[in-house]
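Same chain, two partners: chain A is paired with chain B first, then with chain C.
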Partner chain A sequence: MTEKAIEIINLVKKFGNFVAVDNISLTIYSGEIFGLLGPNGSGKTTTLLTIATVYKPTSGDVRVYGYSVVSDGDKVRKMVGIAFQEPKALGIDKPYDLLLWHAKVVGYSGEEARKVVKDVMEDLGLWEHRNKYFYQLSGGTRKKVEIAKVLIQKPKVAIFDEPTAQVDVVSKHYLWDKIKELKEEGSTIIIATNDMFEAERMCERIAIIYKGKVKAIGTIKELKDFVPLGDTIELELASYADQHVLDILSRFGKVRGLGNKVLIYVNRGEEVAIDIIDALRRSGVKIVRIMVKEPSLDDVFFYITGAKLKEEIS
Partner chain B sequence: MIYMSSLLKDLRYILLLVQWDLMKIVRRVIFVAMRSTWFVIQVVFFGPVIAQMVNARGIGLDVSSYYNFYLLGIYTSILFTITASRAYDIAEEFEEGIIEYQLSLPMNRKILALGRAIGSGIASTLFTLPMFLTVIILAKEFDLLTIAISIVSALIFSIAISGFVLTTTLSIKSSDATDIIMGVLDAILIRLSTIFYPAVILKNIAPYYYAAIINPLSYLADLLRIFYSFEEFGEIVIVNPEAMASYILGLFIGFTVLAMYVIEKKIEGGGWR
Partner chain C sequence: MEVSEVKKLWLTALRDLERFANNKYWLAAQIAMNLADIFIFALVFRGFIKRDIVPDYLQYMTPGAVALASFVAAFSIGREVGMEVRRELVDYLLVLPMKRTTLVFGRILSGMLRGLVYQVPFIVIAMILLSPPTIGKTPILIATSIILTTTMSSLAIAVSTISRDFNIQATFRALTHYLLFFFSNVFYTRKALELRFPQPLPDIINIMPISIAADIYRWCFNYYQSIDIWQKLLALAIWGAILTLIATTIYLRNLTKR
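Let's turn to the complex of A and B:
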C-alpha cells in the first residue's frame, strides 16, 4: 500500500464567500478503502466531487495517480467512477436504459454492455425493476441503481458518497460486500459517510472532516487512541473497592468506584490492564473479572467535532 | 493510428450523447403537442387570412406566394422555439443532477458540449419534421435534393441555437433567469426578423430592418424560401443564398465552439438557483 492513488494538496473550494473545503491535504494509497467522516456540510461531498472533476478547486490541487484534476481532467475522469449521494436520474428514466447507456460510455461494446448490466442488476436485485420509471422506485432501489453504475464501471478509483443511506439492513451488508469485492479486484475505494458502523466496518483509514478542515486522520485504532482516556477498564473485585484500592488504581487513570466494581479511564487500555492486574495482585486484591473497552468511533467523532458543535448551538 | 483511435472514441461519445437526447424525447411530448396545435392553427386559419390581408402585389407577390412565404417563416419560428425550449430541459437536468453526472463521465468536456448540442439539435429538428413535411406538401415542392438540403440547413441552425442555449443556461445557473431570458429572446427574435415580413418592406423602418438583417431567424427563413421558390422570393430576401448559408454555418461554428469553450473552462456542478 505504498503507491499514492490520490494526493489532495492544500485544496480550497469556495462557493461565493462560503468556504466548503478549507486547505485540506491528505493522501490515499492505492488499493485501500478510505473513509471521509464528518457531519452534514463538513465538506465531504465537495471534496469527493472535486476528485471526480465535477467541481474545480478554488486553489490547491488533487492528483489522481499523478494526474492533476486542474490540468489533466480527461485523464482523471478515465480513472474515477462516482456513485453520487443523490441518485442522478430523471423521473422518466428506466434503470436498464440508464445503466446500459452508462456501460457504453465507460467503454463496453454493445453485447458486453448488455451482459454486464444484466449481471450487476441481477446481483443487486434490480432486474425486476429494470423497466420501471425512476419515479416509481423506492429510495433504496434508486440508491442501488446509482451504486450499480460504479460496479459496472470498475474504475481504478471508486467513490461512494453515503453508499448505504436509505438502504435496508440486508441490502446494506450486501452492498458492503460488493464494495469490498471491488477493492479485491484492484480499485481504490473512497467512502463518505455519516454512519459510524459503516465507517468502522468498511474503512481501513479514515479522515474526520469538520468545517472543511481535516481534524484527524488514521486507522480506526489510531483514531481511537486519539481520544484522551478513551479506553475503559472495567474491574470486578472479590470484595468492596475501598479507598486503598482506588488509590492504587488512580495511578493508571481516572477512577470511579461502584461497590465491588471499578471503572478506570485510561489511554492504551490493553497495555495498562496488565500493569493493573500486576499492581492489584501485589496488594493482595482478588480480581473476579476484567474487561477492556475501546472508545467507539462515535466517541472519537464526538470528541473531535461534538464538543464544538455544542459550542456552536449554545 | 492513436489519433484515429481517439477520433473514433470521440465520435462514439458524440453518438451516445445524441442517443441520450433521443432517449429523453418523451418528456417533451406535451410541449411539442402544444406547439404543433399552434402550428396547425397558423397554417390552416391565420396563414390564409393574413395572405388575403397583405397587399402582396405591392412587393411583387400574389396571394398564394405570400402564403408560402408565411409558411416557411412559421416553420422557422417553431423550430427556434422548440430548440430554445431545450433551456428548460437543461435546467431540469441540472436540478436533477444529470449535468453533474455527465461532468463526471470519462469523456472530454468539449466532446460533451458538442454531443449535447448535436443531440439537442437533432431532437428538436425531429420534433419539427412533421411540420416541415406539412409545409412542403402545402407549398407543393417535392424535389428530394431540395428537401434534404433544407433539413440539413434546419439541423445546422438548430444545433447552433442549442449551443447558444447550452452555454447561456449553464452559465447563468438559474431557472428564473433562464425563463426570463428565453421568453424575451423568443419574443424579440421572432418579431425582429423576416419571419412575418419581407426584408424589402422592412427597409422602410430602419431599426426594425437592421435588427432583422443580423437576426439568425431571418437567415434560415429566407434561405428556406429561396430553396422552395427562388424565382418568386429572390428579390425580396435579405442577401444571396450563399451568404445566408455562410451566416448559418458561421453561427453553427461560433455557438458550438463557444459551448465547447464554456463547458470545458467554466462549467462545474452545484450552485443551481
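Let's turn to the complex of A and C:
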C-alpha cells in the first residue's frame, strides 16, 4: 500500500471571499478505503469535486496517480468516478436510460453495456424501477441510481459522497458490501460521510475535517488515541472503593468512585489496565471485573470539532 | 474499455435527442405550436404586404419559415444547458471521462440535431408549397441547415451559461432570440423593408444570418431563380465560424472557471 493514489497538496478553494477548503494536504494510498469525516459545510463535497475536476483549486493542487487536476484534467477524469451527494438527473430521465448512457460513455460496447447495467440494477434492487421517471423515485432509490453509476464504471478511484444518506438499514449494509467488493476489484475508495457508524465500518483511514481544515488523520485506532483521557477503565472491586484505593488509582488518570465501582479516564487503556491490576494486587485490593472502553468515534469527533467530550470528564 | 473521443461526442450529442424522444407528445405539440405561430404570423403579415411587391406571400415566407424553425429549435438547447448549469447537473457531465472540448461540441451538436429534426416538417411543407430542390441544390440545402443550426445552438448555449441566475439567463436568451427573429427578412422582402425602414437597417437585416439562410432556402426551393449562391453560402459560413468560435470559448470558460 505504498503507491499514492491521491495527493492533495496545500489545497485551497474559495468561493468569492469564503474559504471552503483551507489549505488541506493529505495522501490517499492505492487500494485503501479512505474516509472524509466532517460536519455539514466542512468542505467535504468541495474537496471531492475538486478531485473530480469540477472545481478548479484556488491554489494548491490535487494529483491523481501523479496527474494534476489543474493541468491534466483529461487524464484524471479517465481514472475517477463519483457518486454525487445530490443525484444528478432530470425529472424526466429514466434510470435505465441514464445508466445505459453512462455505461457507454465510460467505455462499454452496446452489448456489454446492457449486460452490466442489468446486472448492477438487479443487484441494487433497481430493476423494477428501470422505466420510471426520476421524479417518481424515492430519495433512497435515486441515491442508489447515483451509486450504480460508479459500480458500473469501476473507476480506479471511486468517490462516494455520503453514499448511504437516505438509504434504509438493509440497503445500507448491502451498499457497503458492494463498495467493499469494488475495493477488492482494485479500486481506491474515498467516502465522505458524517455518519460515524459508516466511517467506522467502512474506512481504513479517516481524515476529520472541520471548517475546511484537516483536524486529524489516521486509522480509527489512531484517532481514538487522539482524544486525551479518551479511554475509560471500569473497575468493579470486591469491596467499597475507599480513599486509599482512589489515591492509588489517581496515579493513572482522572478517577471517579461509585461505591465499589471506579471509573478511570486514561490514555492507551489496554496498557494502563495491566498496570492498574498489578498496583491493586500489590495493595491487596480484590478486583471482580475490569473493562476497557474506547472512546466512540462520536467522542473523537466531538473532541476534535471543539464540542464537549463526555459529560463525565468535566 | 476505451471508447474513442468521437464516439463520446456522438453519445453526448444524442443524449438530448433521446430525452426528446421520451417526450414525443410534448415534441409533437411543440412542433404544431411553432408551425401555427409562424403561419399565423405569415397570414397577418400577408395582409400588410402589397401584392405588387410580393406576388405570392406564402411562397416567399415558407422557406423563411424553414430557417426560422431550424433556428428556434436549435436555439432551444439553450434552455436545457442553462438548466443544467443552474441545477448543477452539469457537474455530472464535467466528471465524465471525456475532454472538455468533446463535451462542449457534444452539447452544441445536440442543438444542431434538434434543429435538423425540427426542420423536416417545414422542409416537407416547402417542397409542397413551392417545389423540391434539385439534386444539385440538395447538398447546399444540407450544408446551410448544418451551419445555421450549429451556429444558433452555440449562440444559445453561450448566452445561457453567462450566469447561473435564471432571470439573467432568460433575459439574455430572449433578447438574442427576438433580435434574430425580428431582424430578419423572413416575413418582409427586401423591397418591403426598404419602403418601411431607413438605410442602413434594410442592408443590415439582409446580412443577418437568418436572412442569409432564408435566402439560400428560397433559392433551394426555387423561389429565387438566380442569386449569388456562393457568396451567400460564404457569408453564412463566416457568420457560423465567428459565432461558433466565440460561443464555444464562452461556454468552455463558463464551464471551467469554477
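Descriptive notes on the structure:
The rule we apply is simple: the second predicted complex is superposed on the first by the 306 of 314 C-alpha atoms of A that agree within 3 Å, B and C clash if a C-alpha of one lies under 4 Å from a C-alpha of the other, contacts with A are read in each partner's own complex, and residues count from 1 in each chain.
Criterion: a contact is a pair of C-beta atoms (placed from the backbone, for glycine too) under 8 Å apart; a residue touches a chain by one contact, two chains touch by 3 or more.
Keep in mind that this is a model prediction, so the values were computed, not measured.
For the composite obtained by overlaying on chain A, chain B and chain C cannot both be accommodated without a clash. Of the two partner chains placed by the overlay, only chain C lies in contact with A:Y108; chain B stays clear of it. When both complexes are overlaid on chain A, the residue A:D97 reaches chain B and chain C alike. Of the two partner chains placed by superposition, A:Y240 touches none, neither chain B nor chain C.
Applying the stated contact rule after C-alpha superposition, one finds that A:K56 touches each of chain B and chain C. Legend: residue contacts after superposition of the two complexes on their common chain; A:F197 is shown touching neither chain B nor chain C. Shared contact residues of chain A, touching chain B in one structure and chain C in the other: 49, 52-56, 73-74, 77-78, 80-82, 84, 86, 88-90, 92, 97, 101, 104-107. Here chain C touches chain A in the complex through residues 1-3, 7-8, 11-12, 15, 18-19, 22-23, 83, 88-89, 91-92, 94-100, 256-258, going by the rule given at the top. Every residue of chain B that touches chain A in the complex is listed here, in rising order: 13, 16, 19-20, 23-24, 26-27, 92-93, 96-98, 100-101, 103-109, 268-271.
Of all residues in chain A, only 15, 49, 52-56, 73-74, 77-78, 80-82, 84, 86, 88-90, 92, 97, 101, 104-107 touch chain B in the complex they form. Those residues of chain A that touch chain C in the shared complex are 49, 52-56, 73-74, 77-78, 80-82, 84, 86, 88-90, 92-94, 97, 101, 104-108.
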